[in-house]
Structure formats: structure tokens, C-alpha cells
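You will see subunit A twice below: alongside subunit B first, and alongside subunit C after that.
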Partner chain A sequence: MIQDYLILSIILFCIGILGVVSRRNVLIIFMSIELMLNAANLAFIAFSRLHLSMDGHVLAMMVMAVAAAEAALALAVVILLHKHKGKLDSNVFSLLKG
Partner chain B sequence: MFADWLFTGFSILSVLGAIGLVIFRHPMNGAMSLVITLISLAGLYALLSAKLIFVIQLIVYAGAIMSLILFIIMFLNVQNDDLPNEKDRFLYLIGGGVVLAPVFFFLKKIVQSIPGTEATIVGNGFGGVKEVGLVLFKDWLLPFEIVSILLLVALIGAVVIAGKRRMSK
Partner chain C sequence: MEHSVSYLGLIPLFPLIGAVVLGVMHIDTCTRRKLPEKLYGVLACIGPVISFIYALVVFFQLKSMPADSRFLIHDAFTWFSVGDLHITMGFLADPLSSLMLLFVTFIGSLIHIYSVGYMAGDENFGKFFSYMNLFLGSMLILVLGSGPVVMFVGWEGVGLCSYLLISFYSKDTDNVLAGNKAFIVNRIGDLGFVLGMAFLFWAIGSGGFDYLSLRENAHQLAPGIGLTICLLLFVGACGKSAQIPLFVWLPDAMAGPTPVSALIHAATMVTAGVYMVARFSFIYAEVPLAGSIVAWTGILTALLAAIFAMFQRDIKKILAYSTVSQLGYMFAGVGVAAYSAGIFHVFTHAFFKALLFLGAGAVIYALHHEQDIWKMGGLKEKMPKTYWTMLIGALALAGCPPFAGFFSKDEILFSALATGHTGIWIIGVTVAGMTAYYSFRMIFLVFHGTPRNKESFNHAEDAPGVMTIPLIILAVGALFAGFLNLPALFGGNLNVSHWLAPSLADHHPHVGISVELLAVAASVIAFAIGITVSYRKFGQGADEPEYSGFTEFCYNKFYIDELYHAVLVRPYKAVGSVIWKFFEPNVTDIHVKIATWLYQKAGTAFKVFQVGYVRVYAIYMVIGLSIMSLLLSQSLN
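Moving on to the complex of A and B:
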């Protein structure tokens, strides 16, 4: 059934939120965000199969393009922060305190 | 019947990979778990008869983006004492799970009220390159162009971020 796919996407999204709120490693946080984007993609594809229209496929492709752009920029920022502080801890990166 | 078994296997694999991403301490182990999740999600897309998205998921996500992340992890040469001390992460995981459980059951109830169909595989005329391309370039032409502008902006931003370090030396 289509509902099983949607429930699976909800489970994956919740695990992604758990990774973002409970981990302090910036690379793990970044990959959890990727996992949440993938869960949204699965919901798009499942609804697109439910209604037999292909708009969901196009939206999923756009989400993938946004994820690629985000990966390029976020990894550049991670490299700069690692060069600056020498750590991967998100508690260390409190540069915006003024 | 066979598709049901495939769905069960792929969904168990993807959930296990996601849990591994959240639990493992070293980012390399987490990235490998995420690769398992992405590949099993590609299998689920194939079961939903989205052939083009299946191929794009394998090439772009499990190929390009994950190899970029793995390259960065190897480039940073992450040692064990570089990692944050996360001894209390299981406590945070349990707390976050308790907070998220009502949200999950609420969404599950909403989803089960949707009138669903059997996810049988649709043959020709759905989800292939020709059909998705027609929809993409007829109905979604303006968003497609906006996404291309977004990719250009990300390219310029990456060059600016990488170039600032060289000027500051």
C-alpha cells in the first residue's frame, strides 16, 4: 500500500530530526539533513504514484539539485571551520557572539 | 507478492542505515550507513515505478554527493580526538525520541486516513525519461530555470569561500 511508503518516510524524517538535535558532530548533522531531504523525496514519489501524475518526480529532481548545492556550500564551510578551530564540534563554533 | 518482500527488505535496510547514521561516533561509519539508506531508497523508488528518479538517486546521491562527503571526511583526516566527546548522546536520543513520538503518531494517523491504492508497478508511460521530461519542460519550465540560477549562485559562493582563505594568507 502507498501508506506504508508514507509511514516509512515519516520514520526516516523523525530519525533525521533526532540526528540533528542530539549529535554535536557537524558532519553527522549535515548527513542527517540529507536524510531528511531524502525522506521528503520519498513522500513526493509516493504521492506521485498515488495520483499517477509526474509532478512529484519533477519536485524530487529539484530537491536533489538543492541538496547538491547545499552539499557544496556546507562542506566548504565545514572545511573552513575545521581549519579555523581544528575541531568538528558544533559547540566550539560560536563565532557569532560578537 | 515478490514486490511486498522487496519493500519489506528495502524499508528495514533503510531504517537500519538511518539509525546507524545517528548512533555511530565516527563520521566515516555514519557516511557508510547513509549510503546503505540511499541505495535502498533507490530500490523503493524503483518499486514506485519512478525509473528516472531511481537512476538519478543512484548517480547523483549515492554517487556524486556521497563521494563528495567521503572525500571531505578523508581530506580532513578525522582522528579520534578531533571528534566531540558525545558520551551523553544516547540520553539525548531517548529524550528526542520521547518528544518526537507524539508527532510521529499524529502524522501516522493523518497518513492512514488517506485513501490509498496498491503500489503495483505501472508499466510504460509513467516515470520514464520521456514522460518526466515532457512534464519538466512544459509545466515546470520557470522553476527549472530558477533552480539553474540557484546552482550558479552556489558555484559562485563556493569559489568566493575558497578564495577568501587564499587572500587572507
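Moving on to the complex of A and C:
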């Protein structure tokens, strides 16, 4: 029973990782990160149910709050990036190249 | 404790505070409007004058004590304490330091007052007095220090001020080089002093490292160690007091302003070496051989410097060499265990040499910085006050009875003769004649005869009162200071020697009155011969002679500067440039170079990972996290 939830969570997480790694659009990368966060949430809730404890719920709520705050900031960053270069291609932003 | 007083530490403190205040004022006003010179002048003179008043207080308090326990101490604070070595910032006033204290503060105050006139209009007026006050404070620490370490603090302080003031007119490279020379030569001497102190501590320092304790333990010294300590300390004294072989810096030190030459390079600082030997008289008294070396070095320096002085043409250089020569006398005095005679000569010399320098300063001031005596002449009628005061100074320097220099010099020569150092006595008498010759050569060429440079002669006049009054006071000192230590032969009772006796390990030989008469007669005859020869040659006005052969050799100071330059300075510089060009880049710096090279290579190697794309960094993170998870799961199993 619990395995099903965890497998779903892992699948979602891997999709998120693949999205971050393979997509170049900044907005899609951002959505993939959200997906990873929610995969983690699902795992929390599943374990919480398994152990009949509320700890997992608390953490899930907190992750959601953090995700909301992060979304606000990240979207602002995305807008600024767009203003700066006129594009949302993450390969354009490569100032850290050694 | 009745010997403990709390105001001794204040004596050096006043000039030091003055130095800080004046320095801050000078720096503060450099960029903004200037403060009036009067304000600086008054502030500069306050510190020395207060110190002088305190010096009088100390003197009278000591006088009221019984003769065998005359000392005052003040331990301000513990400076540092390492193992057996406990150094207190302590001050000691005993008859020796109180005498030094009196004339250092007295002459220091007079020269500060004189400088207010001499330095008027200089753009660095405040800086000058800041340095002068700092000098006086350091000198007082040197004199009052209760042990060798505190003395060394003052010793280095006066060396620093000497350097700063020699290169005071720093726009001229020669002056800066002269300052460097003085500083470097003094460092060589200081090395001797430091080593001597270290040996002294190692030998007898465990019972306390101040003069009073050292004095009690001095008898424990093994003769060999004692000799080593004495000679090392004497190297320090040679550096500071310009004796063979380290005398070369003093004539060059005349590059500084004339009041500096008077205060530092004639009256006070250069006598620190003599003071130090007298301070350690309890060690020198144990080792007669060291005393003989000191005496012979001194008298040979006196001879050499007197020869140089006879041929110089720069009025300040003549006085500089005469200072070196007189310092030689002082060392001859302390070398033959006549410490009080040496210190008494320090005392009288301070008066007449300061007087001569300040008089020379007045002449230079009047002639708009002309220092060549062959371009002066006939100034007697234009500058009567300067003439008469300088004449008194010259008579005192030349050893004419009854001026100050006669009694003190005679005391030294008599002691040399009485202790059986006949060679030293003969050279000493010869030098006395030469001294009379060169001091009156200067007087005759500057003040008598016809003016050699009409234009500057016509503008010459006596300096303002702020400069002539110190001259007159010093002239009175040069005239009468000798009577303080009148020997029994002239109906006196050696007051100064008796006053100094508790601090010094004086050795008084008992000889007949005939020896004393012989010494006096020889001195007077030498003086008479010197002044007669001088009058014959220069009295009626003279033209500059052409030097050739031996006289040219003397005129060029035996080429000693050139010799030092060729033998010491140039090889040193050559070694330095080899080290700089080869040794340093290839040996000492090689480790640093290898380290930086490695970092550079490593950086280049790792650079390929920094592609700049966010998603690649995300892959790195995933890989890293995967490895960590794998390791974690394995360790859990």
C-alpha cells in the first residue's frame, strides 16, 4: 500500500529532475522544481499515514508555505531575467562560466 | 620608603606630552590655516622649563640627604616580566643623574628658546619643536632610567630624534643621506650595547636588573666576562659618542638645523656614551684593561679629530670635529678611572660647545646660510654680542685658564698622568695645543681681518634678543662652570667630584703637588703655543692656502669616508644586490612560487567543470546526492 505512494512520489521526483536538467525554458525549470517539492510532500503524507502521526502533515504544510513564498520570489526573478535579456532560455544566463 | 618619590617619572613626561601636542597641532594645521608661531614657541618651551624646575627640586632634595645614601627612585610600573628578567619602568636620581639632569634640562631649555628665533619662518616650525621635545623627553629617560633596559629606551629614542632632525631639511637628498648614515652607524653601536646588556644579564642579572642591584653583584663577574661586557658596552658608546671607528656620522650630522647640532650633536646626546661608561663604572673599575682600551680609543679619536678640525672650512664641521675631539678627552678621562673628571668635562663642554654652536648659528643666520669661514671675516664690529660670547666659548674650548674647559680638561690630563698613562697625557697635551689652534683659527677668520665677502658683510647684524640672551647665559656658564670643581691646587675642594663620588667608582691616585703643577703648566704652555701659531697665521687676515701633500691628505680627512665607502659600503651593497637578484628569487622565494604555480594549474584543470549552465550544475547536484544516498543506504545496512 505505502509502496504505491512512494513509487508515485519517486516517479514525480524523477520527472522533476529530468525537467530541471533537460529543459531550457526558465519557467518550465521552475515548474519542475515545484513538482519535486510536491513529490516530497506526497512522501511525507504517505509516511504520516503509515505511522499515524501528524508530523508529516506539519512538514507538508510547511513545504507548501515555503513553495508559495518561493514561487513569489522566483516569478519576480523570472520577470527580471526576461527584462534583462528578452529571453527565457536558461543557456543565455551563463555568467558563471569558468 | 624615604627614597621613593612619585615625581621623577614626570620629568621626562612633560617634554613627551609637549611633543605629542605639538605634533598633533602640526599635522592638524598642515592642510588648514597656520597657527601663529608664538603659540608653538610657548608650548615648546613649557615642557623643558618645567623639567628644569623639577631637576632643581631633585637636586636640592638629594642635597638634603646624607652623602652615602643619596638616591631617589620611582618605579612607575612593571614593564615586562619573563623568567628571571623583571623590568620595571623605573627612574633613579642619584648624584650622577641629577647632574646630567640639571644641565640637560637647562641647556635644553635655552636652546628651545634660541630655536624660536632661529627657526622663525620655517614652514615646519611645529614639526621641529615636536621633534625637539621628543628628543628632550628621550634624553631624560636615558639619564633617569633605573636600569640598562630603561636607559636603552631613551638611547634609541634620542637616536631616532637625531635621525629625524639631521634630515629635517628633507628636500635636499644630502641631508637625508646624512640622517641615514647617522642612523646606520648608530645601529652598529646599538648592537654592541644590546649584546653587552644580554651578557650582563646572563652573568649577574638574576639578582635584579637595575643599577643598584647590579652594583651590588658586580664583584661576582669573572674577569673575562667583565672584559667582554665592558668592550661590548663601549662599542655602543662609540656609536653614540662618535669614537673611532664609528665617528664618521657626527660631522655629516651637521646637515641638521644649527640648534639641533648644538643640543643633540654637541651638548647632550653625544655625551650619552660617556654617561653610560660612567654609569657602569662599577664594572669598568673591576677590569682595568677595558679602561685602558677606552682611554686609548678616546685619546686617539681626540688626536685624529683635532687634526681634521685644523683643516676644515665649514664652521659647523670645525665645531663637529672639535666635539668628536672633546668626546675623546671625556673617554680618556673615564678610561683612566677618573669618572668624575670625564663627567665634569661633559658638563662644562655642554656649556661652551652649545655656546659655540649657537654663536655659529647666529653667524650663519646673519650671513644667510653661509657656512664657509673663508667667505667670512671682520664680523667683530657688525656682531659684537656674538663675537664676545663666541670668544668666551673658544677660550673655554681651547682650555685657557680660568675658563670652564681649562679646569675640566686639566683634571682629565692630570688623572692620566697620575695613573701612569704617560702616553695618553702626551697626546692629550698635544691635542690641547691643536684645539687652541683650530678654535682661534675659526675666531680669527670669522671675526677678525677684512671681510672677504663685502655684500653679505654689509647686511650682517646681531641676532634678535631671543637668540642672543641664551648666548649670554651660556657664556656666563662657560666662564664660571669651571669654578664648581676647583682643584686643591687653586684653593678649591673639587665640589663636583665629591658630589659625584657616591655614584662612581672613582680611583684617586695619590701623587705629589709637582705632578699636578707639571700637568697644569703643560696645558697652559700648549694653549699658549696653539694660540700664538694661530695668531701668526690668521690674526692679521689671511688668504685661503693651497693644500698639497700631507695637508691635502688632512684636508680630505685621511680619506676615511672614502675608505669606509670602498671597504664596507660597496661590498655590502654588492652582496645585497647579489642576494636581491639571485638568492631571493631562486632560493627563498621558491616555495611561494611553487605553491602559487600549483594553485594555478589546479584551477585550470578544474575550470572545465564550470560551464555556466544552471542545468549542468543541477546534474552535478543530482550526481552528488545520488552518491551520498547510496553511501548512506549502504552504511545503514
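We take it that the second predicted complex is superposed on the first by the 94 of 98 C-alpha atoms of A that agree within 3 Å, B and C clash if a C-alpha of one lies under 4 Å from a C-alpha of the other, contacts with A are read in each partner's own complex, and residues count from 1 in each chain.
The definition used in the following text is that a contact is a pair of C-beta atoms (placed from the backbone, for glycine too) under 8 Å apart; a residue touches a chain by one contact, two chains touch by 3 or more.
These numbers come from a predicted model, not from an experiment.
Asker: In the superposed arrangement, does A:29 touch subunit B (first), subunit C (second), both or neither?
Answerer: The second partner, subunit C, only.
Asker: Check the residue A:17 against both partner chains and state whether it touches subunit B (first), subunit C (second), both, or neither.
Answerer: Touch status of A:17: both partners.
Asker: Between subunit B and subunit C, whom does A:96 touch in the aligned arrangement: first, second, both, or neither?
Answerer: It touches subunit C, and subunit B stays clear.
Asker: Please tell me which partner, subunit B or subunit C, touches more residues of subunit A.
Answerer: Higher number of touched subunit A residues: B.
Asker: Return the residues of subunit A at which the contacts from subunit B and from subunit C coincide.
Answerer: Common interface on subunit A, subunit B vs subunit C: 17, 21-24, 90-91.
Asker: Quick one: in the complex, what on subunit A touches subunit C?
Answerer: 17, 20-24, 29, 90-91, 93-98
Asker: Considering the complex alone, what residue numbers of subunit C touch subunit A?
Answerer: Contact set of subunit C toward subunit A: 606-615, 618-619, 622.
Asker: Write out the stretch or stretches of subunit B touching subunit A in their complex.
Answerer: Going through subunit B, the ones touching subunit A are 7, 11, 14-15, 18-19, 21-22, 27, 30-31, 34, 37-38, 41, 44-45, 48-50, 52-53, 56-57, 60-61, 64-65, 68-69, 72-73, 75-76, 78, 82-84, 86, 89, 92-93, 95-97, 100, 103-104, 107-108, 111-112, 114, 116-119, 122, 126-127, 131-132, 135-136, 139-140, 143-144, 147, 150-151, 153-155, 157-158, 161-162, 165.
Asker: Considering the complex alone, what residue numbers of subunit A touch subunit B?
Answerer: Interface residues on subunit A, with respect to subunit B: 1-8, 10-12, 14-19, 21-25, 27-28, 30-32, 34-35, 38, 41-42, 45-46, 48-50, 52, 54-55, 57-58, 60-62, 64-73, 75-80, 82-83, 86-92.
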